[in-house]
Structure formats: structure tokens, C-alpha cells
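Each of the next two complexes has chain A plus one other chain: chain B in the first, chain C in the second.
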Partner chain A sequence: MLLEWSFAIFSGLTLGMAAFLVAAGLTLVFGILKILNFAHGTFFMLGAYVTYSILGTESASMAAFLLATLAAGVVVGGAGWATDLVIFRRLRDSDYHYTLIATFALLLLITGLVKIIWGLDFRLVRPPEVLETTWFIGGIFIPAYSVFVIAAGIVVFLILDFGLQRSWIGKTVQSVARDPWMAEVLGINNRVVMTAAVVVSFMLAGIAGGLLLPNQSLSPALGDVFLLLAFTAVIIGGLGNVRGAFIASILLGLIESVSTVLLPDLPGISIFVALIVFILVRPQGIFSGAQ
Partner chain B sequence: MLELSNIDTFYGESHILHQVSLAVHDKQRVAVLGRNGAGKSTLLKSIMNAGTTVKGSVKWRGRDVSKLKAYQRARDGIALVPEDRRIYNHMTVQENVAIARQGVSRSVAMTEARAILGSIEMLSTLGERMGGALSGGQQQMLAVARGLAAKPELILLDEPTEGLAPVIVENMAADIISRCDANQIALLLCEQNIWFARKCTSHVYVIDSGRIVFDGSWEQFAEKPEIAERYLAV
Partner chain C sequence: MADRSVYFWPAAGVIALIATALAPLFANDSVTFILGLAMIEAVFALSWNLLFNYTGIASFGHAAFFTLGAYFVACAQRYGWDVTFPLQLLVAFALGGGAAFAIGAVALKRASGIHLAILTLAIAEVVRMVIGYIDYVGRDDGLGGIPRPVVNLGLATLDLRSSSAYYWCILVVCVALALGLWWLVRSRYGRALRSIAEDAERATFVGMDIYKLRLFSFTISGAVAAICGGLSAPWVQIVTPDLSHWLHSAQPMLNTLLGGSAMFWGPAVGAFAYSLINYSTRTLDGVSEIVVGGILLTIILIAPTGITGALESLRRKIFQKWRAASPWAQVRVKGEQI
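On to the complex of A and B.
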């Protein structure tokens, strides 16, 4: 029983961190542009495919894996730049209906492109060699790859949080997010800041795609699992709030995996219940406002 | 140095300013008086190109700047201190001042910000405080300090005396005059406090329903009490 619980907590953490890797870019772009990018998950998938194209399905070295992930980040970041230029920039002052429709169209477009380029086949990509081991600690099996995902989530969170809260660039970005009118009047080029935020957000999606590629069945449906968690985490965490998304991701990961222990017959329902309860009790999120 | 000729300003469909012409010369200090809703803030926003659609010519230092965005005008030497202060809560007082300084390194900006804050009695000990933790009056002072930090050639002040105690308003007038003189800054001041406006400036415009209804020196303004009576009395 205890072992079952420890394992549930561990896999919940892994799931939560994976969700955070997807949620991070989503909440960042919302915080600054107030655009909820429905296509975020497809760019996550694109990152996974790019990484797969570089690595193939066999185990690579850790260095090759990280480099390929980074390359995916750059490619998807570039796609973000193009998306900003063609779509987001035109949506800055529009109603949210338009942004929903536009990003939904983008989702369909990118999914279609991925299907054309890579086809519909499922592929299984193995983790890098060093991460293929499983440790047996305190009675439970701990896959090295899961530890890696947790570590990656924490590292991404710390970099983002430090970048936004402590650095001058981060404070400037927050100024644009909180009061773009004043920022512009103070001589800040909002357009550059916003474009940079979009590029970073997409890079995060691409990197998440690479990092989470191993052990998933890679197909155009990749990411659906994390995407629901990520969107929920972004809402519960307070739209636009990176810290909130981080905490909410962990909570949701834990809720999801603990509920599979408690309610094995009702898979997935706990997340929706959590979302509904949260929206009723605290609609503004754990933290409100961009951070 | 600033010349507006027959500008019309719109917020979306609503037409707010009508054929407004106004000039501020080098180092000159000019006041704009008008009732609530007369269009004072809209005028300043039009000069900055911040949130308004402007038709007509806006010349800055002899150059047509109609195409320049707000941030470019700010970098080009115009600073706007908005009526609603808009201090950033996530930054310290000092950072709030430093962020206005463009074109220098962050450490230089922070040093300059410290110097400016040190010279303002109300704020001199508050540099490390978060922006949101100041009183309304302190925030008002901070907004002015932030405007000065940009090292502008023209500062646009939108009702800076609002919410300040009379004795502070009195000091502020002297302070603004001496700072503008020392740094050769021209001033365009929107006010409802006639005493304060008169103390700070040499030329006055009166605006009503988006139109300029008076343009002259304070002596000429005094000779026409009916202007104040008609457009400024509440």
C-alpha cells in the first residue's frame, strides 16, 4: 500500500513536470500578449517530430539528445517568430473570439503539415542510453528518464522564474505585460518585447517536445495527454502566471496519479473535477495576474 | 519645438479634439486649462501618440513626427506623466524611476534614479520600497520623478497636483520651475488648479469640448475674466 502510494506520488510528479514543460510557454504568452494559444500543443508536437528527425528511434547519447532538443527549440522558436509576424501581431488589439479562431486555425494547419511531412504512423523513440536504466530505490522502481523529466521541469521553472522576477529584462517584460500603455510611453518597444516573448514561448514548446519525446508514442496526437493537463494548469495557476502554472502542474499531476490509485475505474475524471472545483472556488487562479 | 497644427483626435469612432493648434517653444512653460472631460488628457496622449488616432500635423523639433510611435517619441525627448500615475507594483520605487531612462546601461539608470529620488524630499528614503506600497501622493511625486528621469526636452504633466496637500503643491510649483530651468526642459502642463498653473507657466491655453477657446499670456487671461467664468467655473 505504502509502495503503491510512493509510486503514485513519484509518477504524479513526473506527469506534473511534463505538463509544466508544456504549460510554461502557454502561460508566458498569455501573460504578455493575452492570447491563449490553442495551437501551443501542436508546436510541442512539432518539437517532438523535429527531435525525432534528428535522432531517429534508437537510443542516442545524452549530448546528442540535448542538442537535438535544443535544435527543436530553435526550429519551433522560428515558427513562433513567423506566427507572431503573420498572426499574433494582427491580434494584439482584437477581441478574444478572433484569437481563439485564429489559433484554432493554426492548430489545424500545423497538425495537417505534420501529417503531410511525417505521416500518421506511430513511432516509439527510446531515451538516451544513460536514461534507459531504472533504479530500485526504497522498494519502488524509478526510471532514470522520469527523474530527468522532473529535473528538466524544475530547471525550466527556475530559469523562467528567475528571468522574470529578478532580471531587468524580466522586469521590463512584466511592465509590458501589466501596463503596455505606460511601458510604451516610457520608451519601451512593446512590439519587440512581445515578439521575443512569443519566440521564447514557442522555443519552450519545442524543447518540451524534444524532452518528452522518449517513451511516448510519437504521432500527430502526441501531446493530447499533456495538453489537457497543461491548459488546466494554466487556468488553475492563474492565466499568465508561471509560478502558478508550476504549482498547479504539480498538483494536477499528483491528483491524476493518486486518483488512478483511488478510483481506478474512472480514469481522467479527477482533472475535470479539480478544474471545476477550482473555477468555482477561486476563478482568478492560485495567483492572479501575470508574473 | 512642439507644434500641433489643426489636429483632430479620435478614440475609435469618437471624435474628441477638433482642429487643435498649439505650440511650445524651447524651454517654454505652457499651461492648458479645462474642465473635466474638456480633452486635456486626450491632448497630451495625442502629442505622445499613445492610444489615440490623430489627424493633422504634429511637429517636434521642426520634424513631422506623425508616423512615430509613442516609444519613439519618448526616446526622442518627450516625457508624459499621466494623470493616473501608473506606477508599477512589481518594481521598487527606484526601478520605477530607472525604467524611464532609455539608452544607458541599467547601472547608470539606477544611479541616476537614486540621485533624482535623493533630491525629492517626499521620496528620498523610499527607493527600496515597492511601487505599490506608496501613498497616492507619493505615487504622484514618483510619476513626476519618473518623467524627469527620462531626461526629456519636453515634459507633459497631466494634473500633477491632484490629490496633493496644498503645502506640497506650493513646494511642487517651485520645484518644477527650478528643475525645468536647470535642465532646460520645456513644460506642457494640464491643470484645473489655476493658481498652480499660473505659478509654473508663462503661457496659457484653455480647452473646452475638444476645442481651444483661449490662447495667450497670463496677463491676457487676467484681462478676460469671462473666459474663466465661462469655461473653467464649475
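On to the complex of A and C.
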């Protein structure tokens, strides 16, 4: 019983960090541009496919894996720059419904492109050699790859949080998010800051795609699964709040894995119930007010 | 009559209606099938636009109500419940309205904007998952082999088992629903809804109960969506949990923007246009997504008023000369309404 629970908690943490890797970019772009990007999960999927195209399905070395992931980040970041140029910039002053629907259209477009380029087949990619082992600690099996995902989530969080809260770049970005007009008056180039935020957000999606590629069944439906998970994390954490998204992701992972133990007949539903309850009871998220 | 251009839209509507009504006589089965679906999707889109354009609410989970109606009629037909088909549709209407009222009563009080969008999306996903757990409705495989109804009218029976008979049944119900919605948006309720869509703050200021009006609109919209679902079940003859998938919730959104949200009949025009596009790109995986996504994106970026908006400006251009020459021109310009 104890073993079952400790395993559930461990797998919950893994799922939570995976969700955070996707949610990070989503909440970043919302915090600064107030755009909820429906296509974020699709670009995450695109990152996974790009990494797959570089690596193939066999185990690669750790260095090759990380480099391929970085390449996916660059490719998807480039797509983000194009998206900002063609879509976000044009719709900046229009009703938010239109931006929502535009990102939804983008979701369809990219999914269609992925289907044409890579087909509909499911693919399974093995993790790098170093991460293929499993450790046996305290009675439970711990896959090295899961530890890697948790570590990656924490590293991405620390970099983002430090970058946003401590560096001058982060402070500039926050000032634009808080009051774009005043920032402009003070001589900050809002356009550049916003474009940079979009590019970084998409890069994060691409990198998350690469990092989470192993052990997933890679298919054009991959984006949907993670998109809803990331949406939930972003809403529960408070829209635009990176710290909130981090805590909410962990919480979600734990909710999901604990409910798998308690309610094995109803897979997947607990996250949506959590989402609905949170929107109704605390729509501003767990950390209200904080950016 | 000073301005003949006012006949443009009614004439176009009558021609379209006659063409649709005669379709089973000369079109082949697959085209008839798609036209039947297009009519249902058209009314579904009109019900979504009642929320979007006329009330200022974007629902991202509207398919949940559609699914509810579809599954009710599917079960009733498949398991031979002792309920006649017209009554089944009415119950679907009531179920959809009841569910929308219950959800709206809580959701519209607590959430708005993006939160409401995500909330409705999540509710539709929950509906999809819950249906997948229930054995009675066939879990993830859905219910297949749904028979089309035979309606007993007392003196005569109405046999809707043939494809063309059920097609005309869809036509009659859809036209009735569309006219009902059309009447609604032109009634004083419709004008009140318009005012809160335009500026909720001012509407409150002149004494309107925004929450009540939004809830009213949400309920009607959900009820109409459910009756659309109920109509679709015997037509397609299979229902699956994917009816509640967010791709289906996006369908009325897409049709509305394609046709133009500002005019009442825009979503219906969009539904037929979409069916045409979808029918011509159905063969290759991925192409339909690219075409649909590409069109939607192009419309939002370049022509946010949609097909009817483009036609409307064309109509104005064509009739402009005529109008300018008329002695009534000044009067009409002053009192003009879109």
C-alpha cells in the first residue's frame, strides 16, 4: 500500500513536471500579450516531431538528444516569430475572441501540416542510452528518464523565474506586461519585447516537445493531450503567473496519479473536474494578484 | 418602392431554400446526406451565434448540448422507448435547455471571457469522457444502427425511414428553428441582448439584468443545439462520444466566422460553404485541416465580416447608383439599419 502510494506520488511529479514544461510557454505569452494560445500544444507536438526527425527512434547519446532538442526549440521559435509577425501583431487591438479563434485556426493548420509531412502512424522513440536504466530505490522502480523530466522541469522553472524576477530583461518585460503605454513613454520598444516573448514562448514549446519525446506515443494527437493539461495548469496557477503554473502543475500531476489509485475506473476525468471547480471557485488562480 | 436592393437577401434566401428542398430529387445520395448535415450544422451555428454576436459570449463547448440531444434520441430510437419522434425532439430541446440553464446559472455568475471559454471547453470534455464510461450507450464505440422514425399521427402515419423523407423532415424542423431564432433576435429580448453584447456596463446602467438575459440566451442556445443533435442522430445513424470533442465545438465557430457573424443568416451561409469545402477536400489526410485552418485564418486576418459581409458590401456597391438617383435616398440614408 505504501509502495503503491509512493509510486503514485513519483509518477504524479513526473506528469506534473511534463505539464509544466508545456505550460511554461503558454503562461509566459499570456502574461505579456494577454493571448491564450490554443496552438501551443500543436507547436509542442511540432517540436517533438522535429526532434524525432533528427534522432530517429533508436537511443541516441545524451549530447545528441540535447542538441536535437535545442534545434527543435530554434525551429519552433522561428515559427513563433512568423506567427507573431503574421497573426498576433495584426490582431493586437481587436476583440480577444478573434485572437482565440485565430490561434485555433493555427492549431488546425499546423496539425494538418504535421499529418501531411509525418503521417498518422504512432511512433515510439527510446530515451538516450544514459536514461534507459531503471533504479530500484526504497522498494520502487524509478526510471532514470522520469528523474530527468523532473529535473528538466525544475531547471526550466528556475531559469524562467530568475530571468523574469531578477534580470533587467525580465523587469523590462514585466513593465511592458503591466502597463504597455507607460513602458512606451519610458522608451521601451514594446514591439520588440512582445515579439521576443512570443519567440521565447514558442521555443519553450519546441524544447518541451524534444525533452518529452521519449516514451511518448508520438502522433498528431499528442498536442491535444498536453494542451488541455497545460491549460488547466495555467488557469489554476493564475493566467500569466509562472510560479503559479509551476505549483499548479505539481498539484495536477498529484491529483491525476492519486485519482488513478483511488478511481481506476474513471481515468482522466479528475483533471477536468479540478479545472471546473477552480474556475468556479477561484478563477484568479491560487496566487491572486502576484505576477 | 424606392430601393430595390432590399430584396437582395430575401430573394437569395428563397432561391437557396427552394434549391435545398428540391435537392433529394436530383442530387445523389452522398450529396443529399451532406446537405442534410449542413442544414443541421447551420442551425447549430445559428444557436452559437445567438451567444456570440447577440449576447457577447463565446462558448467553446457548445457541442456538449448537441451531444446530449443526439444521445437521447439515439437511445430512444435504438432501444425503442415508447416516445414518438416529435416528442423525442421536444424532450431533447428541454434536456438541452435544462442542462444549459443549470450550467449557465453557475458559470455565467462566476466566469466570463477567457475563463468562460475554458470552462465550457472543460465541461464538453467531461461529457465526452463520461459517455465513454457508460455501457448502455456503447462506451467509446458509440451507438450504431439507429433506425429512422415512423411517426404515428392518429389518422395517418408519417414514414420517415427513407432518406428523402427524413431529409424533408430535417428541412422543416431546421427552417422552423431558424425562423424561431430570427424572430427572437428581432424581439425586444433580442434587442436587450444586443445592448448587453455592445456595452454591458451601460446596459446595467439603464436597468437591465445582465445575468438574467445572458442566462436566458444561454438556455435557448443550448436547447436549440440539443434539438440539432437529436435531429442528426437518425440521419447519421450512429452517435459517438466524439460529437462532444472540441473539434465539433469549433464547428459552429468556424461556420459563423466563415459566413459572417454580424448578419443573422451568416452562420447558415457559412455552414453550407464549409460543407462544400470539406466535400471537395475530403480525400487526403491533413488537407482538410490545412484548408479549414487556412480559410479561417485568412478570414480573420483579411475579411473579418465573412462571406455575407463581402456580399453585403458588393450589394451596396451595385445598388449605390440606383439609390443615389432616387428621391428617397436622403431619407433612407438617415433611417438606415444594417
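Everything below uses one rule, namely that the second predicted complex is superposed on the first by the 288 of 291 C-alpha atoms of A that agree within 3 Å, B and C clash if a C-alpha of one lies under 4 Å from a C-alpha of the other, contacts with A are read in each partner's own complex, and residues count from 1 in each chain.
Criterion: a contact is a pair of C-beta atoms (placed from the backbone, for glycine too) under 8 Å apart; a residue touches a chain by one contact, two chains touch by 3 or more.
Please read all numbers here as calculations on a predicted model, not as lab measurements.
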### Task
Determine, under the contact definition given at the top, whether A:120 touches first (chain B), second (chain C), both, or neither.
second
## Note on the structure
chain A contact check, chain B vs chain C, more residues touched by chain C
### Task
Would you sort A:112 into first (chain B), second (chain C), both or neither based on which partner it touches?
second
### Query
Does the superposition put A:190 against chain B (first), chain C (second), both, or neither?
first
### Task
Based on the superposed arrangement, let me know which partner A:168 touches: chain B (first), chain C (second), both, or neither?
first
### Task
Kindly classify A:182 by the partners it touches after superposition: chain B alone (first), chain C alone (second), both, or neither?
first
### Task
May I ask you to decide whether A:96 touches chain B, chain C, both, or neither, giving the answer as first, second, both or neither?
second
### Query
A:56 contacts which: chain B (first), chain C (second), both, neither?
neither
## Note on the structure
Listed in rising order, chain B residues that touch chain A in their complex are 48, 50-51, 69-71, 74-75, 80, 82, 86, 88-91, 95, 99-100, 102, 106, 146, 150
### Query
Okay, in this complex, where on chain A does chain C touch?
36, 86-87, 90-91, 94, 96-98, 100-102, 104-116, 119-120, 228, 231-232, 235, 239, 265-266, 268-269, 272-273, 275-276, 279-281, 283
### Message
Looking at the complex, which residues from chain C come into contact with chain A?
### Response
52, 58, 106-107, 110-111, 113-115, 117-119, 121-123, 125-126, 129-130, 133, 250, 253, 257, 284-294, 296-297, 300-301, 304
### Task
Mind listing the chain A positions that touch chain B in their complex?
168, 171-172, 174-175, 178-179, 181-182, 184-190, 291
